[in-house]
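Same chain, two partners: chain A is paired with chain B first, then with chain C.
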Partner chain A sequence: MLTFIIRRLLISIPILIGITLVSFFIIHLAPGSPYPGLEMNPKVSPEVRELMKKAYHFDEPLPKRYYMIMRDMLTGELRSFKDDQPVLQKIGNRLPATLALNAVALIFTVAGAVPLGIYAARYRGTWRDQAVTVISFMGIALPGFWIAYMLLLVVVGQMHVPVLGMTTYGMLVPNSGVGLADRIWHLFLPSLILSLGGIAAESRYMRGSMTDTLIQDYVRTARAKGLPEEQVVYKHALRNALLPMITILGLMLPGLLGGAVIIETIFAYPGIGRMAYDSVLSRDYPTIMTLNTITAALVLTGNLIADVLYAVVDPRIRFE
Partner chain B sequence: MTLAHSGTTLPPSSPASGPQAQSYWSKAFKRLRRNRTAVASGVLLVVIFLACFAAWPWAAKMYSQTDYQHTFAGPSVKHVLGTDEHGRDYFAQILYGGRISLTVGFLAASVAVCIGTVWGLVAGYFGGRTDAFMMRIVDVLYSLPYILLVVLLTLVFGRDWRVLFLAIGAVSWLTMARVIRGQVLQLKAMPFIEAARALGLPTRRILLVHMLPNLAGPILVYATLTVPQAILQESFLSFLGIGMPPDYPTWGALAQQVTQINSIANDWHLILPPCVALSITLLALNFLGDGLRDALDPQSR
Partner chain C sequence: MRIRTILLAAPVVVLMAFAAAYLVARPYFSHRVDQMTMMYPSEPETLNPILSTTLSAGIIESFLFDGLTDLDENLEIIPQLAERYDLAQGSRLYFSTPDDAAAGAARIREHQADWAKVKIREVSVEADTVSLRLDQAGTAYQETVFGWIAPLKTVPVRRWTGGFAKDLSLQGKPVTTDTLNQWVEKNKAAASAWPRVLYVWKNTSASYEIFTVGADAAFVDDLQRRFAEFVGAKVEPVKPAVVTAEVPAKAVASGPASGPAQASASAPATVPASSAVPEGMRLNLAGPLKVRFESEWPAQDEPVITFHLRKDAIWHDGKPLTARDARFTYEALMSEQNASPRRSDFELIRRVDVPDDYTFVVTYKEPYSPCLYSWGMPLLPEHLLGDKPNLRKLEGDYNRLPVGTGPFRIAEWVTDQYIKLERFDGYWEGKAHLPAITFRVIPDTTISQMEFQTRGFDYTALDPHQVQRFKKDPQYDTHRYPSNSYAYVGWNLQRPIFKDKRVRHALAHAIDIDAVIQYVMYGNGTPCTGPYAPVTPWFNPDIKPLEYNPQKAKLLLAEAGWKDTDGDGVVDKDGQPFHFTIIIPSGNPIGQDFAVLVKDYLRVVGIGVNINIYEWTVYIEKYIDVRNFDACIMSWSLGYDQDLYQIWHSSQIQLPRSLNFISYANPEVDRLIEKSRTEFDLEKVKQYTHRIQALIYDDQPYCFLFYRMANVAIPKNSYFVKRPDPERPRQWLEEPIRPTKRGVTFYQRWWARTSPQMAPVGDAVKVIDTGN
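And then the complex of A and B:
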């Protein structure tokens, strides 16, 4: 097990380097610069222009620039082009918000998808199954931004309940119980919408997994010895049907983090998704690269945890 | 090399060559026809396509017809879905935007299908280090949130409709590549591929003549499922304000435009149509793709 984890960690190093290479070259092969306007402005003297170039290391050849940006990233020296703040600190300030959002969305996904999948599998081929199918396809087909927008219209527009941001504007008692409740409420809607796509997709997988489990011999045995159906489904079948879901939840992470870009933008939620969007718009190269690397590291860690968990709950899995 | 031409005399052990081929596809078609949801979705899609593409000249004419006496008009006989902030017929705009949305979706999906098929084919067939290297690249791209990648690509290469579908296509081929690679690995172990190799057929011929026809099923299924994804991604980008250029009002862009207008809460005839059109199309494409998967790959049920 330990060797497996170590090997996986070693494999993820080239993947992370690959991510930095991909982000670096997409950014730098493109026309445009982080200081548009300065180059064309006749009032900016050539000396200043040279100074700017030097400050951003734009006078160096590409490989050297890559080396410098990587060195700074690893030593934590990398600073944002936009406000000259250390990138790691900027991201560190916002990461907890996004992690909370994703964690709650993940909980909603499991809480929604597993019962829906079980229900559809138990009533496979009937109208109930089809109803679940239609609902889950609607979840895939309805654009999340639109549902978010509709909710905003109703909740904020009609009911005048504030939901934007992480706390209600002007909330003066952030550390009290009311403040906590306020934060939870501001987490609720965005994560609910973030989880909708996941619920739709996962419930399909759960249905498939449960269907496969319900035709197993041991389920027939359980039924044959006269156990009540509830006990057969929830005690004997469910445990085994849940196994594949662990891997699938791990694979869901990039989608959640990507979806956070849209949801955080709509709900003005101060997480790294919105930060990534802003930094791409302003061509804040150090921030984009660091964010991509951190996101990828999160995804790889998520997958690793999923694989390890799988081995923990299923003793049949052996690592060679 | 003389043996190369006798490749056609291979026993038709592959399901997609010889007389069995027809039976595979006609069986699949029969299965598909029995799936009422898939058939209904197919019919609906044909209707949507015809409406969006056949009405194009009319919609384009209406698109430039502003009428500032009647802005934000509600639905009426003259304007079925009312008018927008410039007094233009909204129904015409939905059709106009539909053509662009569908075009972007299909172009992006074809880009994704081409890259994904070639990638999976090459990786799976050559195996070994090539496979490991190519699949590692897929892993790298998988662990990046695709939406950031598209945003990055569209921003750095400019806001142009060609860039947009290429960018969406460039991030949507990963699943395709994995599926195709898996299929190729299975096919590679089959006797007819071994025979083709033993005959010394050129690799290109094995890949194109013996492998590719057998991959048509999964390619078709995943192509159908990639189209709605691409359309959805375009609408996300439009909603963020970095999708198609302003002259190309896709469904996503129409939805976004409505959110920019102040008097929104009462203009339900402007809020609902673009998203309803989008959702119905995506729903139908997903149902059709699902039906195709059941029909073409009965084991996967």
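And then the complex of A and C:
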């Protein structure tokens, strides 16, 4: 097992380097400069624009720029083009907010998807199953931003309940308990909307895997020996049906850090997704590169964790 | 059983946890801090005015910082941190012989008492040079003085811009202006030709200016070659691609292979250098070094501005403001490491001096009157930043939490949420009334409108389509004022189809601008009649917009030879149909609407139009910069000064990434633009600009569409202005909020609440004064 993990980690290194190379060159193939918006400013002469390019090493050849950006990234020296802040610090500032949001969304997803999937599988083929299916597909089909707008129209526009941002804007907080409650409350709507698509999709997986399990021989055996249906489903079938969900949860790990671009923007939530979007708009290459690399690393880690967990929970699987 | 219970209970528990949090926090939702809240679409990159590039950063900076000068509500320059400023000028006239110089000086001395408009304080002669000290700045004195010394010839002063392909360094140290000038001084004695070099000025690492008396291009070439040898510069050929006059032709040939574009490509699109380049201008591309003749002056004029700083201004940390801070700000602007986007305006400064703590003297290399506007530049504190070589890589957090001299100081910046400013009690002009102003960041415009209506904001800018709704709503005051931006369709004048002025007039007559304003802007615009904003004194109100008249357009087209000979509905000439492509940047729905309307209007007069949309950077780099377009729709947001040089002067055509991308050249406009930017008498400048506007509008190089009207909404009776009375010291002047030429928020630093109790739309909001 240990050798397997080490081998996987070693293989990840060239993969990561490859990913940084690809994302670096894709970013730099597109035209762009570190001063978006200044191209058409009569008060900024072309020479000054050149000077600004130079300050960000745009005059160096591409391979050297790649080397510089990677060197700075690894030493934590990389600074954003947009505001000259260290990129890692920028990400670090927004990390807690995003982690909290996505963790809650993950809890919503699992708490919603697993029971819903089991329910649909147990009543496979009946109207209950079809109702769940319809709801799931609606959840997949309706875009999150649309639901968000509709919800906000009612919650903010009509009910005047503060839900934007991370805390109630301008509120005088009497004690830290209320402050905490306010923060938790502000996680509710955005994470709920973030999890809707997840609940819909994951519940389909759960239903599929549960359906597969329920027709297995050992389930029939369990039923045959007279176990109550509850025990058959929740004790014998569920354990096996949850195996594929481990992989899916592993794949959801990178989503903990990113992925919430639109919802974070609509809810004015100060997270990483919004920063990523801003950096793309302002052509902030160092930030884009760092986020890409972190996401890639998380995907690789997520896969590895999923594989290892798989072996841990399923004794039939061995890594040699 | 347990598992099932957990599975079912988990979602319920999670939901209950949130419900509990809501119930705990809910009673406090309506307890608010007393602060004025402004809407802000995205976080500013920095609040260091030397580095910031966006307008939105500038808005916050205007509360935190002051400049030496400011513009008042009528756009007149007023003192700010400088109590007053004086203009003076040192002028040198170079005569061909010392005898002439002596004779010239004698004549000036003899007549100077008679000149009412020219205030000469001192006249001195040295060899062939007459030096004057004037109590005014600019070139206006020349008309008088040169009239009196007319038969005596002076030698003109020329400015050349040169550049090496690489940075110059000498023995490992970067070459500075001083190095270059010392070298010139050393060599002056060696050869007889050398005294003709006045000085060498280094702008950026690879570019510099040479001021010579009468020297020709061959001499400057030679001078540059010697520089290169001196500093051991690696001599590299400069690619002529970006500077030659043939480039546009190449760009045409490589354009997208649409039918009409090819049609124009096959025509001889080469612009002969003689027609595009004004006389006296010469490009030298043969050598390894590029050098460009920039401007010629009959005399060397060095305007001097002396700022007398007010003694009661202090920084937010309590330290007094001194002239050293002004000098430091200048040095920081010019530092290459800082790479300040605002440096262009300050490159014409020859040197700055600080004779005492409260006097700041700026000497310019040549007369440039818009420089007065540039001293609205916020000043930075030397005592905090003086030892920092690179402001872009500061260790501390000055760039986010700056210390300024403005009426508000920064209290906190919560990333991606809000930036809070607090009143600065030590402000020299008096204490502001609002305890705090907060800029709250809401990126989504739909959501921020929603928040505005629930009083999450105290102020909002309105899109054209929202204006009517807010106007009718009795809860809001709306204000409307002309902004300083205009939209236009630019015709690429290198394309043969747009070369004929009659055709351009026809295009203007064919577009119903009033209807465009009505449909696209919901009436929030006024027809544009030229390149100056109507709020500025430079704008010529006598010019009437060309009327919508498709019949006249057709006649003009026919006059220019464009007739529909084959009956296909499209006019043609020499077998070529009148067909072209308009390009617009993406993400601009209003621009796209214009393009469609323009296409529609032009079809009526028999002109076929294609519309292409490109992402902004692609648009600029692949099309505009390389002149690879027929027509483009864009808008200019203007400053308040009179300078049109970058956009309309023909010398800009040849430059890479020039803003005169439509290749407009009119010798008279060139001359007037030069005059308008060297003249310090604003009444005279006004005469020049009025003429410039008339000439440009008559040339129709753009189809000028409209000036935008800006609209804002404020909750009714929430704020009023209580500002220091300019007439009576230490007295306040109260007035309602109204639009000024600088917008509705111009006096925002002096806004005061009408009542601390604001009636919100929903729950009662208790505004609690925290006493800060």
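The definition used in the following text is that the second predicted complex is superposed on the first by the 292 of 320 C-alpha atoms of A that agree within 3 Å, B and C clash if a C-alpha of one lies under 4 Å from a C-alpha of the other, contacts with A are read in each partner's own complex, and residues count from 1 in each chain.
Convention: a contact is a pair of C-beta atoms (placed from the backbone, for glycine too) under 8 Å apart; a residue touches a chain by one contact, two chains touch by 3 or more.
The structure presented is a predicted model; accordingly, all values stated were derived computationally and were not measured.
Asker: In the superposed arrangement, which partner chain does A:149 touch: chain B (first), chain C (second), both, or neither?
Answerer: Both partners, chain B and chain C.
Asker: Touch test for A:178: chain B only (first), chain C only (second), both, or neither?
Answerer: A:178 sits against chain C, while chain B stays out of touch.
Asker: State whether A:257 touches chain B only (first), chain C only (second), both chains, or neither.
Answerer: So A:257 only meets chain B here.
Asker: According to the stated criteria, A:265 is in contact with first (chain B), second (chain C), both, or neither; which is it?
Answerer: So A:265 meets both chain B and chain C here.
Asker: By residue count, which of the two partners contacts chain A more extensively, chain B or chain C?
Answerer: When the residues of chain A touched by each partner are counted, C comes out ahead.
Asker: Mind working out whether A:26 is in touch with chain B, chain C, both or neither, as first, second, both or neither?
Answerer: Touch status of A:26: first partner only.
Asker: Of the two partner chains, chain B (first) and chain C (second), which one does A:165 touch, if any: first, second, both, or neither?
Answerer: second
Asker: Let me test your reading of the model: by the given contact rule, A:84 touches which partner, first (chain B), second (chain C), both or neither?
Answerer: It touches chain C, and chain B stays clear.
Asker: Would you sort A:278 into first (chain B), second (chain C), both or neither based on which partner it touches?
Answerer: second
Asker: When the two structures are overlaid on chain A, which partner does A:14 contact: first (chain B), second (chain C), both, or neither?
Answerer: In the superposed model, A:14 contacts chain B only, not chain C.
Asker: Going by the contact definition given at the top, which residues of chain A touch chain B in one complex and chain C in the other?
Answerer: 30-32, 149, 153, 157, 265, 283
Asker: For chain A, which residues are in contact with chain B within the complex?
Answerer: 14-15, 18-19, 22-23, 26-27, 29-32, 137-138, 140-143, 145-146, 149-150, 153, 157-158, 254-255, 257-259, 261-262, 265, 276-277, 280-281, 283, 288, 291-292, 295-296, 299-300, 303
Asker: What residues on chain A touch chain C, complex-wise?
Answerer: Residue list for chain A touching chain C: 30-33, 35-52, 54-55, 79, 82-85, 93-94, 107-108, 110-112, 114-115, 118, 149, 152-153, 156-157, 159-162, 164-174, 177-178, 180-182, 184-185, 187-188, 230-231, 234-235, 238, 265-268, 270-271, 274-275, 278, 282-283.
Asker: Under the touch definition given earlier, write down the residues of chain C that touch chain A in their complex.
Answerer: 1, 3-4, 7-8, 10-11, 14, 17-18, 20-22, 24-25, 28-29, 31-33, 35, 37, 42-43, 45-46, 51, 53-54, 203-205, 207, 336-345, 347, 392-394, 399-400, 414-418, 438, 440-444, 446-447, 450-451, 453-454, 456, 616-618, 620-622, 634, 636, 639, 643, 645-647, 655-659, 760-763, 768, 770
Asker: Quick one: which bits of chain B touch chain A in the complex? Just the residue numbers, please.
Answerer: So the residues of chain B in touch with chain A come to 136-137, 139-149, 151-153, 155-158, 228, 232, 235-236, 239-240, 252, 255, 259, 264-265, 271, 275, 278-280, 282-283, 286-287, 290.
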